[in-house]
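The chains carry the letters A, B and C, assigned in the order they are written, with residues numbered from 1 in each.
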Amino acid sequence: MGREKSIYNALVDIVGEDFVSNEPEDLYLYSRDGGTTKPRGVDYVVVPKTVEEVQQIVILANREKVPITPMGGGLTLNGLVIPVHGGIVIDMKRMDRIIEVNESSRYVVLEAGVSQGALLSYLRKNHPDLQHSMPEAPSIATVVGNILIRGHGSLSQCGDNSNMLNGMEIVLPTGEICQVGSCSASPHWFGKGPLPDLAGLFIGWFGTTGIVTKASLRLYPRPEKRDMVLFVTQNPDLIPELVYKLTQTRIADNIGMMEQEKPEYMKGYQFTGVIISGDSEEEMDYKRKVLDKIPQTCGDGENKVTLLGEIPPSSKERFLEEPPFAAVAADFRKGGGFQYCAIMMPIEKVPEAWRRGIEIAHNNGMLFQCANQVMSAGHEVMFGYNYSFNRADEEDAERARKAMQETNKLGLELGGIPWKADLQAQKEIVEKMDPNTRELMKKVKKLLDPNGIMNPGNWED
Amino acid sequence: MALKDYQDMVHRCFRCGYCKFTSDYSYVGFNCPIYNKFRLESYSPGGMMWLIYASLVKEEIKPSKHLSEILYSCTMCRNCSQECKFQFNEDIVNVLKAAREEMVDKQLMPPMVGQFLKNVYDYGNPYRELKENRDNWAENTEIKHYEKGDEFLYYVGCVGSYDTASQKAARALGSVLKKSGLSFGILGSREICDGNEVDMLGETGLFEFLKEENTRIFKEIGVKKIVTLSPHSYNALKNSYSNEFEVFHYTQLLRDLIKSNKLDLSGGFEAKVTYHDPCFLGRYNNEYDAPREILAAIPGVELIEMERTKENSFCCGGGCGNFYTDILGGGEDTPSRFRIREAHDTGANIIAVACPVCVMMLEDALKAEGLENELAIKDISEIVNEALL
Amino acid sequence: MDIYSSLANIVGEDFVSNQEEELYLYSRDSGAQLPRRADYVVAPKTVEEVQQIVKFANKEKIPITPMGGGLTLSGLAVPIKGGIVLDMKRMDRIIEVNEKSRYALLEAGVTQGALHSHLEKNYPHLEHSMPDAPPMATIVGNIVIQGHGHLSVSCGVNSQMVNGMEVVLPTGEVCKLGSSSISPYWFTRDPLPDLMGLFIGWLGTTGIITKISLQLLPKPKFRDLLTFTSGDVDLLPDFIFDITQLNLMDNLFVISQEWPPWAQGILYVPIVSAQDEEEFKLKIKLHKELLRKYEGKITLVEGKHAEKMRTARLPVPPVTLGVMAADAKQGGGFEYTGGIVPIEKVPEASTRSVEIAHKYGQPYLLGYQLLTGGHSMMCGLAYCLNRADGEDVEKVRKAIDETNKMILDVGGVLWKAEAPAQSLMVQRMDPNTVKLMKRVMKALDPNAIMNPGNWSD
């Protein structure tokens, strides 16, 4: 029996025939994502149901020295779960149990395949007073995937989602199952500390250090009322001051900014949206009142911040919906390709990032479109440069790819860091990195994954 | 329309996955029956869109048997078209249908699909049953053949005509219509398949033939109004046939008869009932109220909705000929077994349905779940029939 | 050259000592742990000096114990296996404050008090989350032990507010973590492989932090507290759920003490703040309205007791009743078990710790602090001791040991646990997790020179 066949058979023995495939049609899909990343080969896809199955797959992969790439929703658009060196993709979405919700200590324990949509539904139904910080991503995105790429959500004022992690169960690259956080020493999954922080070993590593099979995520009060207040500026130089003033009030759930050149009437305006919430009209009123005063405190005679009095209910809904469906704009090119380049940056770098982003878009014959997010209580900005493209037109995809690369370079030049960086950007980050930090990173990878089977090719130089 | 007509659209799918959920996140889990069962990306609307693009438009990968298994696993329940947030949402099922046409052209259909189509071609039904036995179910009833001047043609469809469980519904509806005093008749052995599944399976030529043949018969005997037992027939006759016939699903007709006091339901029906929306009545034709209004009018019926209901209803897994080809069959995760468990969770003792395909699928699943003693499947026609004085 | 001279060569003679007087102090803290001998104490000024000390210690295989304020009360900076104590407090530069992206970059020896003053003076609109500890506690020390502060409920615990670090690894390399590893700005921990976890919660066994970037937060113009009292500890989980559901507090203390008598029962002390008066009044009102639901079972405390609470708990940092009570025996000693437990387990932990206190002839003295927006609770179960009375110290040690076990029994985890309590946790820990922990320690510190004896089983 050839090696390929024997690996296939071994996988069938582990998960059953229905949940493993090496057929070209199935592999086709796992070889690419919705972004501009060029397809890369996959040899097998497996869909395990239990942690023991994952463990056996990992042991098999070690024995056969086959790479493994764990996958959640597969929606990073940056090819993070498209294997670089082939091998097995483990689609985690069949591990979809929501195991426990603790109301008093506000957390949920769930398996790695649970989608954002499933958790949203579950909470609405069983714990309507609670919510999780829901990312602005399609609902099929997994909760764990979002944590591991350090994504943010509707409550990013409480920090990004990896900050809301209480603990995890992990299959190490060498096959051991272990728990991190309070659950490692207690039956309860209520906190990450006060123990040696092992969770960090698996956050931001893009699957190179192990496979997370369970996680405990913090939940938050769900207010009865939500609303959005919108500010408009015509000069990005005003943004850092506006954001500072807004965050100083401490009343926003979430703050986002955007600009788009189409439709024409929006061109040249920066929109800053503030989501507020409360349990009573009284509370909402005072929050609105506080925000009403903001324009007086920002800008000068020439450059002003304006409060947009009337927001069409439809656009309000678009942002207030949970999850928000701002991504509908992605189809404006009618091309089924959407890519954005997200750069984390200090807030004071936003004006320059804005201007130079417009240059990059125009130089590549594209329209400028950005959607940005203020992180935690005003500590950084995720600057999202959107590049829609036509998936059927390779030239167009190439243009988007080029714009992406230029944007990543710009981000790094400004002192920012690309978020969920693609391979090219990862390389640039690693090159720029403090050499001793780079060595430490390698040491950790080597320590955990001596055979280099875990999503290899990522975070390498 | 053929696949080439969708060439500018197929690649537009982002595979963002909204199509796998219910509209309002009222249900924890997936509402796409095939993804829910298979769990590989290929068995999902987005996966199919991408594979259709790769194999049939761009020809990056060769159309194969496995592609065909994937494409034919779908029951076309239309949840995806309903939930997709993009402008092209309506076209998702249309593209799949067009892709299946290509598979038929290339003779790559799964064997059971080929068999289904061949049987319909040869026998006018998928079961290889003789045409002359088509009205055996009506023996010893007062249901007569359609005669000129009858107000309604009662179109039964293949499943109601031949499947034992569904024949009960066919008889019950006949009996109800009789008691209402309406003038109607059936086609008997002249009835042939309406072609709804044939169309969905991509055999356009055969569908055209069935359409023409049925239309010819209807016209020949002077049919103006048609009432169908099956939502599948209703969908085909109403939306794909010429609009010279007025087509009703029987729940619509019964609802009107009840409203105009033509049916005396005071016999009542004491039961906790949950109602399963058939895809071809609900999502395809937006009829969610008629069956519920009927149930509400029956004394003793306590209607308890399932978690997934109306536009969020979960397909029984029988659509697109699956009731015969059984591509989704086997195991605990088949849609019909999921649905039975969901119905059981409501505490109801009756699952009311309004579709012979659903009756058949759910009956089988009920046995597989071993819940026959706690739950029973009944077509609404049967419930009405029992309640009539 | 002997060890002393080598160290003196690195930091200068003034900042190294092996004299009995210094060693006496560095061999103990004010908790109930028995003294453990330090051989040298060194107070470096620069990262290069720290680096040279580490390299030297590797060569000589001498243990190193880095020390901040030394105020854990559980002897975490008292060496278990002797060697060098590295007193970091001379590295006390506040290097940068970025106002727009709200962070402060500082050296590891900067104290809570120093940062507080610096911000008051230069950035009056900003503050940092200040722990309920003496101002001599260092920022870095507090982060490394995963401490919390006066903004924990609204903004999270302090280890969540780290944007970046500079670390001297146990093998002597200096490296930067977080955005600073690739950018001139210390603005984020995202979106890189998280290496900072390797140094948080490890109690100095994995490296020495020399710089840190800490998130700063908007400082409110109005601040006040409310005092509620309740006789029924079992109401606590529900009440905490309701009050956190409001989502309007900065912090919440829960206190229960045998002395003074008015502090018996359960006192809830939410801290509320706002930027303007109307907002402030509304918040106070909404909190008071909550009591309606509890119909006399939880009531508002007003008058002189409320005033007393205001004096003790409103300042940042608070003059804790704990500190005042710590002197109850006039014995200069104080120790507590910090148990972090799920909120629904607090009533059980409370009841049982009162029993333990009484068993050892101690008045109960419980001070709790809610962590993050209602996700767990730090239960401080405290015992005062008379340092001059060996028997008393022994009794408290036993009480602490019993309390530790009780916390673990109710499913809690011990915060900044002393070495024996660390072992209690390690023994209960998932064995694969323990193995992973050891692998990490071994990989980073092959010669096991970093605060050895901690996190062992």
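The criterion applied here is as follows: a residue touches a chain if its C-beta (ideal position, glycine included) is under 8 Å from a C-beta of that chain, and two chains touch if they have at least 3 such contacts.
Predicted, not measured: the structure shown is a model, and the values here were computed from it.
Relative to the whole-protein C-alpha centroid, the nearest chain centroid is that of A.
The busiest chain interface, judged by C-beta pairs in contact, is A-C.
In this assembly, the C-alpha centroid of chain A lies 31 Å from the C-alpha centroid of chain C. Look at where the CA atoms of chain A average out and do the same for chain B: the two points lie 40 Å apart. Centre to centre, using the average C-alpha position, chain B and chain C are separated by 65 Å. Contact with two or more other chains is made by no residue of chain B.
Note for the complex: chain A touches chain B at residues 18-19, 21, 23-26, 28-30, 33-34, 45, 47, 73-75, 91, 93-94, 96, 98, 115, 117-118, 120-122, 124-125, 138-141, 325, 327-328, 330-331, 334-338, 390-392. The residues of chain C lying in touch with chain A in their complex are 98-103, 125, 145-146, 154-157, 159-160, 163, 169, 173-177, 179-185, 187-188, 190-198, 200-203, 205-206, 215, 217-218, 220, 237, 240-241, 244-247, 275-276, 278-279, 282, 286, 338, 340-345, 371-376, 408, 411-417, 425, 428-430, 432-433, 435-437, 439-440, 443-444, 455. Of all residues in chain A, only 102-107, 129, 149-150, 158-160, 162-163, 166, 172, 176-180, 182, 184-188, 190-191, 193-201, 203-206, 208-209, 218, 220-221, 223, 240, 243-244, 247-251, 279-280, 282-283, 286, 289-290, 344-349, 375-380, 412, 415-421, 429, 432-434, 436-437, 439-441, 443-444, 447-448, 459 touch chain C in the complex they form. On the chain B side of its complex with chain A, the touching residues are 8, 11-18, 20-22, 25-29, 38-42, 47, 50-51, 53-55, 58, 60-62, 64, 66-67, 70, 85-88, 331.
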